[in-house]
Amino acid sequence: MSIRRPESGPEKAVADWWRTDIIDMKPGEISYYGYPIESLIGNVSFTQMIWLMTQGELPSPEKAKLLDAALMSAVDHGPQAPSIAIARMASTCGVGLNNAMASAVNVLGDVHGGAGEQAVTFYQMVNEIAASKNSSIEEAVIEGLAKQRELHGKFIPGFGHRFHPVDPRAPRLMELIAEAKADGIVEGRFHSIALQVEKQLLNEKGKAIPMNIDGATAVIYGELGIPAELARGLFCLSRSVGILAHAWEQTQQGGRNKGPIPRDLLWTYDGHPKRDMKNKD
Amino acid sequence: MSIRRPESGPEKAVADWWRTDIIDMKPGEISYYGYPIESLIGNVSFTQMIWLMTQGELPSPEKAKLLDAALMSAVDHGPQAPSIAIARMASTCGVGLNNAMASAVNVLGDVHGGAGEQAVTFYQMVNEIAASKNSSIEEAVIEGLAKQRELHGKFIPGFGHRFHPVDPRAPRLMELIAEAKADGIVEGRFHSIALQVEKQLLNEKGKAIPMNIDGATAVIYGELGIPAELARGLFCLSRSVGILAHAWEQTQQGGRNKGPIPRDLLWTYDGHPKRDMKNKD
Amino acid sequence: MSIRRPESGPEKAVADWWRTDIIDMKPGEISYYGYPIESLIGNVSFTQMIWLMTQGELPSPEKAKLLDAALMSAVDHGPQAPSIAIARMASTCGVGLNNAMASAVNVLGDVHGGAGEQAVTFYQMVNEIAASKNSSIEEAVIEGLAKQRELHGKFIPGFGHRFHPVDPRAPRLMELIAEAKADGIVEGRFHSIALQVEKQLLNEKGKAIPMNIDGATAVIYGELGIPAELARGLFCLSRSVGILAHAWEQTQQGGRNKGPIPRDLLWTYDGHPKRDMKNKD
Amino acid sequence: MSIRRPESGPEKAVADWWRTDIIDMKPGEISYYGYPIESLIGNVSFTQMIWLMTQGELPSPEKAKLLDAALMSAVDHGPQAPSIAIARMASTCGVGLNNAMASAVNVLGDVHGGAGEQAVTFYQMVNEIAASKNSSIEEAVIEGLAKQRELHGKFIPGFGHRFHPVDPRAPRLMELIAEAKADGIVEGRFHSIALQVEKQLLNEKGKAIPMNIDGATAVIYGELGIPAELARGLFCLSRSVGILAHAWEQTQQGGRNKGPIPRDLLWTYDGHPKRDMKNKD
């Protein structure tokens, strides 16, 4: 057996079926977007590698630091989150950590994992309004909020939190972005938009609807030019850490077939009273 | 430890969190929608049980037979389907059959598993047009096709097939439905709509765009009053059979880390030529 | 584009990579293990199709009825089971029914879904002891129990239940098997073994450790010659019904990001008291 | 609604059901293993956070750098790996990036994702032999190899590669570990063991069976005191990056229901010739 990358003929069509810009290999050689792996190891951090793999170029260390903050800050929000509860329950069912992680990451859908993506999309809309109409951020935010509500309902993605009066992650992330803006690392456009949204929501409601983790990481993703849909994928990477941590802790705690509530409790049955097959019609 | 279903207080709120009409239990007793399990076993087929579990009432045997045909006819369309290929590949990675099934069922999404659901929705739209405007099925189909294309593009879900000039499953299923209609088991409204769609597509195009498996099973789901979204779930049950069969065959064939193409072939790399970290800017 | 099944050359190697006995296709033709689909539709039930797909031959209707009973009786055991809870939670996260089903089926691992498989293996071991030593079932069960405990610990798969003093599914299934034995449909060997295990456990303990659903369905799988590992796969199909039913019910109930306990409760934190980064060493 | 963490009574039992050392919350406060999130953001890298979350303490930056290298070096080995192929195929089926990631991570099982875990276990066995018998690493490796083969067959996890004569990732990682050893950051025990295994395999076979990525990352995990099973989980995090990158690239390339081979090729059918239902017995 030899390794082939056919240059013509029907086998080329087969090899072409799996076409990628990401990774190239020859025996003894691996490169990612052109960079030999041995030149990356030791010189590029995990976060820089995440950037390279998903965007095709290496980031500056300063920009990578912002992505790093977005990734490290969203790893976990506790076992009340379905994804974390699933990871823990799965770990007691006789499957591997990889399987527990899969069942959990799988539910980071539009509702559970989508707010960050939606916040990026919302900021981008505001940004495009400002650019296309040559309007101030203040004006663009007012118009953007109206359009967002018309399209997607009253909740503004990235603002307000069911549990935290102020989400402690958001202000710290915004500080880091402000520093990066001051240092000329990012333009700061999305930073301004997000602050203006917060201000406008306060104006409208007469009480603060402060930015949450999704709103703050979306500023980072926006500043770094990361597409909204990819932002969801990056959130999945981030939350995978919490998922793994809880799956691993539960594995060490032991337990078998851990259900959602203690074993001596039953659920509430609201259905049809007991009935007889014979009289079913 | 005793088993409790609390009748008041905070524990009731906890038990209420898991509220269902489907299943009730006491020690030694299990019932589904009110039917004790021991009265169902031996009297109700797997397909009737699927109906009861998803719709809350037992079907007549004649109606269950139609659902049975929809389920048995869609089990597999070969290893070129991503779901089946995934099931086979997963089985060589050192995970269980349950895990192989999960990775595969998971991809029965809007594109891979959604055509049946979309066809039910489309038929329902035609049916509602006819009902609300008191128009003939012929007129409603013309209007429905126009509306469908406006909303979702040129492909009509349930009609035409990339591979089969005539999908051999569709005419047989339509025969069964016609028999059920003749016997007064179903009304036959969706049967008429589907035939009229086929006729209209032929008129428009000058060549046949025949009904496929999704279009035919959607007639069954429509006749049986099964909601479109649930039809997707039932398709997932059906395709799970092919997924299991292929996972199991691959398990018996053996193999380790089976990739999508033979091991001596490589993919096509289209990306950046080799480059040096030092010159990266 | 034409559809090719290459008969020689490198493309054959590619097509051979996906080699199966299950399904064959030509444009307009689909067959499963040699049976054209149009001859199966209307003549073969969903359960018979499950049998054909996983075992390569069509069963007699009488044997299929036993498999049917095994499948219909194990669909659900309530939302305290991790798989069912996961299905319900996933349905509130903004993913499809297919995704909710996948996350749930995925956890039917060695602990949550493996007891049936283990019970088949245990019965087979007893059966082989009896055959190889020409001993009575009574003797083989005593030896088999000892060996089982030596290999896998004190719990005998298929016997005893945490919740049910008597699992109401087991005696009804055993009745069906007894009838099939009386009618000469199955040999009844596994039926005798299972009853003898129950008797022996009573003798040993002085109290009944009655057969549960896994022990009873394992008798069916054993009588039908279904391999133990495949029995797990079939259980996954069966439980997929309950998973779908609960996912669908939860979808209709609505809710967003449903966690395992009511929203106003928190988990118990047992970890390190609050500490300061600066003093971390 | 108020947020409660009950201190006694039955509600405490419910909250206790979800017991963790990882994360604590109050309204406006989140801490991980005691560290308030706002003190971690900006001060702790993603890799340090991964360490904290999975092991309960913050690592030194120097140790974190080694973990970082293990994580960044294993992200991808191309679309021939089942996990990567699955991610790409899933992305064309109408599911989200989270779902594509889940189907793919799920297959990082004992065969596809387990070599690193197995290599850690193997090194630990050698280490324990040396410690318990007070023997040299050379002697312990000889005994450990014999025991490994007796338990798990001829392949030594972490050594040899189907494709690469020398895996280019391994020597670079070993250089980093050697530097860390020279700087007193790690003890270097696993480094010595791994080199000795490589040497001994060369002696035995007369040709090099060089260390691969799994063997090299296992040295890092061993030096850092990371349990073998957790090493699998960390590999899943690492490979999730490649999985996301390929899922995202495929999303951008488009395509619908991408199967494993080009659409105009069929698989090889090896099964029963066409047959007739009527003559089925």
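By written order: A, B, C and D. Residues from 1 in each chain.
Keep this in mind: a residue touches a chain if its C-beta (ideal position, glycine included) is under 8 Å from a C-beta of that chain, and two chains touch if they have at least 3 such contacts.
Predicted model only: the values in this text are computed from it and were never measured.
*Asks:* Determine, using the mean of C-alpha atoms as each chain's centre, which chain is farthest from chain C.
*Replies:* Using the mean of the C-alpha atoms as each chain's centre, the farthest one from chain C is A.
*Asks:* Cα centroid separation between chain B and chain C, in whole Å?
*Replies:* 21
*Asks:* Taking the mean of the C-alpha atoms as each chain's centre, how many Å separate chain B from chain D?
*Replies:* A distance of 35 Å separates the two centres.
*Asks:* With chain centres taken as the means of their Cα atoms, state the distance from chain C to chain D in Å.
*Replies:* 29
*Asks:* Specify, in ascending order, the residues of chain A that touch 2 or more different other chains.
*Replies:* 3, 6, 11, 14, 16-23, 25, 36, 40, 44, 78-80, 85, 95-96, 98-99, 102-103, 106-110, 113, 260-261, 263, 265-267 - these are the residues of chain A that touch more than one other chain.
*Asks:* Should the pattern of chain-chain touching be classed as line, ring, star, complete or other?
*Replies:* complete
*Asks:* Could you list, by residue number, the parts of chain D that touch chain B in their complex?
*Replies:* Chain D residues touching chain B: 6, 9-11, 14, 78-83, 85-86, 89-90, 92-95, 99-100, 102-104, 106-114, 162, 256-261, 263, 266-267.
*Asks:* Which residues of chain B touch chain A in the complex?
*Replies:* Going through chain B, the ones touching chain A are 1-6, 11-12, 14-25, 31, 33-36, 39-40, 43-44, 56, 58, 95-96, 98-99, 102-103, 106, 260-261, 263-277, 280.
*Asks:* Show which residues of chain B lie in contact with chain C when the two form their complex.
*Replies:* 3, 13-14, 16-23, 25, 27-30, 32, 36-38, 40-42, 44-50, 53-54, 68-69, 71-73, 75-80, 85, 88, 96-99, 101-103, 105-110, 113, 163-169, 171-173, 175-176, 229-230, 232-234, 236-238, 240-242, 244-249, 251, 253, 260-262, 265
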